[in-house]
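Okay, so chain A shows up in both of these, paired with chain B first and chain C after.
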Partner chain A sequence: MLRLPKFEVATPTSVGEAIALLAEAGPSALVVAGGTDLLPNLKHELATPELVVSLAAIRELVGIRVDADGALAIGAMTTLAEVAASELVRTRAPALAQAASLVAGPQLRTMGTLGGNVLLDTRCQWINQSYFWRSALGFCLKKDGTKCHVVEGGQKCVAAASNDTAPALMTLGATLELEGAAGRRSQPLDDFWIADGIYNKKLSHAELLTEVRVPPTAAGHRGAYGKLRERNSIDFPLLGVAVRLDVDASERVQAVDIVVTALAAQPKRLARVAELLIGIAAHGAEFERAVEAVASTAAKQCHPLPNIPGDHEWRKAMVPVWVRRTLRAAAGRGGPVHED
Partner chain B sequence: MAARDRHGKDAPWGEFAIVGKPQRKVDGLAKATGAAIYADDIALPGMLHAKTLRSPHAHARIVSIDASKALALPGVHAVITGKDLPVKYGVIPWTPDENALAVDKVRFIGDPVAAVAAVDEDTANEALKRIQVEYELLHAYLDPRESLTRHDPAIHEGRKEGNVSKNVLLEFGAVDQALATSDVIVEDEYTFHGTTHAAIEPHCAVAQYSADCVLTVWSATQITHYVHRALARVLELPPHKIRVVQPCLGGAFGGKSDPFSLEFCVAKLAMKTGRPVKMLYTREEVFYCHRGRHPMQLRYRTGASQDGKLQGVDARVLIDGGSYSSFGLVTTYYAGQLLTGPYAFPTYRFDSTRVFTNKPPCGPKRGHGSVQPRFAFEVQLDQLAEKLALDPIEIRRRNFVGEHTTTVNGQRITSNGFLACLDQVERASDWKTRHGKLPFGRGLGVAGSMYISGTNYPVYPNQMPQAGIQLKVDRSGLVLAFTGGNDIGQGSNSVVQYIVAEELGLALDQVRVVAADTDLCPVDLGAYSSRVTFMVGNATIDACRKLRTELVEALAAHWKIDAKRVRLIHGEALDLEDSTHHLPIVEVFHLAEERFDTLGATGSYNTPELGGPYRGGTIGASPAYSFTAHVAEVTVDVETGRVRCEKVWIAHDCGRALNPMLVAGQMEGSAYMGVAEALMEEHTVNRFGLHRGPSLLDYRIPTSVDTPELAALIVESLDPEGPYGSKEAGEGPLHPSIPAISNAIFDAVGIRLKHLPFTPGKVLAALAELRAHSGEPTLAGEAR
Partner chain C sequence: MRGRMGLLHLRINGDDVEVAAPSHWTLLEVLRYRLGLTGSKQGCDKGDCGACTVLLDGKPVLSCLTLARTVEGRAVTTIEGLMPAHVAAGGKGADPVQDAFDRCGALQCGFCQSGIMLSARALLDRNPNPSDEDVRAALAGNLCRCTGYTQIYQAVELAIAEATGKRPTPRSWESAEPRGSP
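Up next, the complex of A and B:
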């Protein structure tokens, strides 16, 4: 078995205590929530922290509630299994519940948390490997090396955002509640990402994600998540498509948003979708024609790279298929879209 | 073959009390409760932990190794390199080309270079980083076609064949003439990718060297006897000073049938440090050990008459062996020799060539050497049926080789239940009303196969028995059976228990089995080639019958009756003609011990003379062959290219099913493995020669939700030489699932997939090509 490197573990019982520990320890300290991503990465020596701050004992970070303003507030340490099963989430944010239900496998979802999934490190076939493997390769841009093996001569890391819940939350207009030594801030998820696979988020080392807030959804809100993967469990997404489709009382599309992930370092919002869908009925021949048009514009906008394992040409071919299927699922109050 | 090797098909007491009924496995409860002791569970006082330094280069010369900084690290007890273990070994005695640690050069990324023993794993890992190795890089061969023609630099120096590991060219009958006069010819090329075993337990070994110089090695191996021999050779120790023990094993599938670097390293490190030493491989290291299924490029040309009768088969196979020989000599023969049933080949030629490449070494995986050609040929047979407008099951029936016959390459076939297998899958799948008639996107495919129940090729030539067993009878009423056979989860220890209880009329709990300990158990050659039930089973019957004669004689004398009236059953002794006579069997043991002194018996099995009268004719010659037919049902999503295997009907002729529950388990497990190889698994290296993803996350094997429904249909053609008529069930049932899926895809959407694995990308490409050919934007069948 691969061994974990040696590090100290702190288990603070409050957010304030955790932030103080992180601020004191400096940038080498890491945070562990469920550990389902961090621990394998540590075994691969992708990081060698001296201190790991566990959030497991901070009760205030767990729970799902609806605030007075109608927003859904989910504590960062709420497990993915709880998010997937929550009636509040399923009714108000179906795409999020669906995305959470498709992360990894059942055992991992009882450990993995929503916060951990949103902040999941980017992934690449050239980086998520043991130290020996990466040393045989001569390392890569993301860590310890200077070359990109995905894009020849590439100067920017294109490791893929692989967090299923992030695109769903983006379609829902979610905000991250962050807390650091300098105080609290609300960070719209849309503006959270940086196009850099080495570190793809605007989160400083001593900041904690405490809560994810989803503003109230419209009465006619519909949403779905589609995940492409080789197996029907365990695997990270080869492609993820989140759809928001709000309709009015006469079933006409009022608002639409589609975010695709597992392409490059950050989730990608599809452009020119609203103009194709808004105002038309969410069923029937006209809708089908619009779905086709959206699928073909998605194919033009999305360019899967050979960053994550598997056939990237096939992933590319699957962009319109998954966009189509997930749109239809959202319109028909269905989903999630996967192989089962 | 001696009289002791044949015991007939019948129950020892007229009817079976235990055999043929579902029974618990001897180790079932221990495994289920977590009490079973695996190699990694062993912890000895003062034990050190060892780790292996591996080559980061695919092909390189070692210029120098400096371990001084590692040795200086506190807690490090020893570092060894190739200089400490210079003697080469190999499981096949004719091709010893492996060193426990690289000597002079490395041949793949992951090749072991040095080993460290330290107080704990972390210290050993830290020490590895301090060993400095200077390499001089050599050209790396990643494409087997290059190894055919380029020999400089040689992967193994000093061989006149260069980078060719083995070539076998055999011709039986006038193939060219038969093909020239055939009514139809089908010719095509096929590719089988590499796959690995993915046993859940990684390789692990523990060694202890005692003050009186006895070396004990506990290892997760399926071939205790060969490990014993290899340790003696490499460590240059007298064999009687070595004891090898196989603890409970967490799966093997052929992946633990070579001697491995870690066994020699822990032994050498234990001898050097005077402390027990353990080495447990990481999952990544297991992928480098590999010995998995050889990638093969196969070309077949088959001729048949108008009525579908095969006339001739001409095969050419290029085998990618990876960096070492392993079982490669046998693989190269098996790639041709095992194809001559269940269909009669009037003429046959195969030209198989195995080459070395700078990749993890290939070896035997479940269905060794024969799963790849079987895939190619069963698809070709379907192409032939298509050409002749014959039903795919019908063409297979028409070419049935028969029972009690000899194949074109001289293999003796005894019992053969293949026609019954075809009947069963045809009926169960409702083939007649569904094949060719299902909606577009759903299809059925069939394939057949045969496999060996052990071979009479004993790896190292000798005239001694292939299997031996020893029984010890205790005054408590317990019989202990000592077998060299390796139970790797397939249930061979359970089979020994069932047979002893059946023969001696004992309750199951009166028999315990001690296995795979070279100090305690008679030699058995190990768990490979599906030989254990057949050979150890026969040896067990042999030993039991000697003992039974004594028990019956002692009891008959005591009751003063004819021996024929004695019946031993469920732990009781009865007189069939006088119900007042009955005794617990423990008292019969006492009577027999009074009469014959301390009780015990040995039993043996050896194969008859088999095989064709030509070089290599005994390789693949088996005392009995199992036969299998599958029907697979698939759905193909033409939009995504995804193939989903919905169900596999598996009919397998295993002779008598000694425990039908275990047989069904082997059939289901085999089919699962075949489906996985067809649709998901791929063991391969990237452009740098680095394994593409040496983890169970990236090396995809189906989870429970990806597994099709599996229907096991047991066919029992009682074999004249198997124990109670039984044959193998552990490997044969894998073969047909892969071609059956290809053939089902053809039925579903009209594309022939000939290059494994059947990925969605390949399906979409084939569909696009079909559309281009038919000149239509959509396929005709899509409207169906």
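Up next, the complex of A and C:
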């Protein structure tokens, strides 16, 4: 039995009310969306808040719509199941729908929200453990300790970004709409992350993520998400690959973007991908050669660490495999990519 | 003050219930330790096993990761509510899913069974004629450590066949290629 530490619960019904509660309570308050990650973390005493502010009763945070400018706007409390099933998302942002469909298992997708997944805390096999377990090792850099068990002598926490939807949203050029006591701001997701596993995002304590906006995608937009995990029915990613591949009317690659996650504290955008793919046909022998070249450069750029489960050498060997499969899936309007 | 006792107004299995519980308690704790509804099981208690699955407004959720305070005003269905709901809707005896599990012997220790039957019930309410893949996907969040799942899928298939008036289709797992190692 895992008990939660004692705290109070607030259930505001508007964003304004939630922000006021957070501002008043200060850092001793935490926000809970679906609760599927925060509650296990609280049970493990990774935080001991005095107040937990649930966003579950805020109706204005739920829904998927297309704005006048053609952008897809998804409320932060829209569940992952709703995002995965939405025709609007599937047609305009297939990589996002696929990524949402591969988060955890059915009950957790019914509870978990897009906002919660985007803001998911980093994970590490040395931190996502009970208090007793962590205390036996003298804790670690991320919480209560001074030693990193992943990198010998490491002074910077390398807990891994493990949110499947974030890399997909990055390939789609998404923006986060944030609201706090000081007002609203739009934050491009590309520039949201910090390379620090202790806290990896530019989000202040009393700020809420209210909406995720995906700019309109081109007519020839294609996207896919590939996920490696231990059990396909539930686990966090051991590796996540999001691909955007836009083609023109003659099926030639116009734009391409690949973002890989579950490596270190932030998702990683692969470099030198555009030069290998833009201008070539999205099928056939030429495409296959380019895919091999991209897979090979991905392997050189990605360095999995022994921070999350799964042998890190094996995860490294899987980088080119998963990049190859996900690129092919995007080109062929397929995906999501996962083991049966 | 943290963890203060408070009055919760819940709707459990069609009944309005007022119950006092500490503010930080989960729905599972309130069900088991205040209301005596011990059909929802406390397994891993951190969202891995699915033994605590209940239906929230008809959708399966994990009660061990749901703060009781956050489900006020919403309809909670536990395994104890399946048969009364079936009878109230004019049916006889147990819910057809429960009946099929009984007839197929789709249990050994029974610990996972409440959660699995609720996941199955939610699937059939959403889609009365799901494919084998739909059934597997819907039950993917419920672990069983005894049965190997065969009789569980068989039971759901029987419930589907009876509800739709069809014969059970050939069982996919009997002809399937060996699945990849985990």
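The working rule: the second predicted complex is superposed on the first by the 340 of 340 C-alpha atoms of A that agree within 3 Å, B and C clash if a C-alpha of one lies under 4 Å from a C-alpha of the other, contacts with A are read in each partner's own complex, and residues count from 1 in each chain.
The working rule: a contact is a pair of C-beta atoms (placed from the backbone, for glycine too) under 8 Å apart; a residue touches a chain by one contact, two chains touch by 3 or more.
Please read all numbers here as calculations on a predicted model, not as lab measurements.
In the superposition on chain A, A:66 contacts neither chain B nor chain C.
With both complexes placed on chain A, chain A has more residues touched by C than by the other of chain B and chain C.
Look at A:231: by the touch rule set out above, it reaches both chain B and chain C. Once the two complexes are overlaid on the shared chain, A:132 sits against chain B while remaining clear of chain C.
When both complexes are overlaid on chain A, the residue A:309 reaches chain B alone and has no touch with chain C.
In the overlay built on the shared chain, the residue A:108 is in contact with chain C alone; chain B does not reach it. In the overlay built on the shared chain, the residue A:195 is in contact with neither chain B nor chain C. Contacts of A:317 after superposition on the shared chain: chain B is touched, whereas chain C is not. Applying the stated contact rule after C-alpha superposition, one finds that A:1 touches each of chain B and chain C.
Once chain A of one complex is fitted onto chain A of the other, the partner contacts of A:339 extend to both chain B and chain C.
Residues 1-2, 6, 105, 230-234, 339-340 of chain A lie in contact with chain B in one complex and with chain C in the other.
Those residues of chain A that touch chain B in the shared complex are 1-3, 6, 105, 125, 129-130, 132-133, 135-137, 230-235, 309, 311, 313-314, 317-318, 321, 339-340. On the chain B side of its complex with chain A, the touching residues are 54, 56-57, 109, 121-122, 125, 202, 280, 282-284, 639-642, 644, 680, 688, 690-695, 697-698, 700, 702-706, 759-761, 764.
Chain C contributes residues 1-4, 22-26, 42, 45-48, 50, 53, 56, 59-62, 64-67, 69-70, 72, 119, 137-138, 140-141, 179-180, 182 to its touches with chain A in the complex. Residues 1-2, 4-9, 11, 32, 35-36, 39-40, 43-44, 50, 52, 54, 56-57, 81, 104-108, 110-111, 230-234, 339-340 of chain A touch chain C in their complex.
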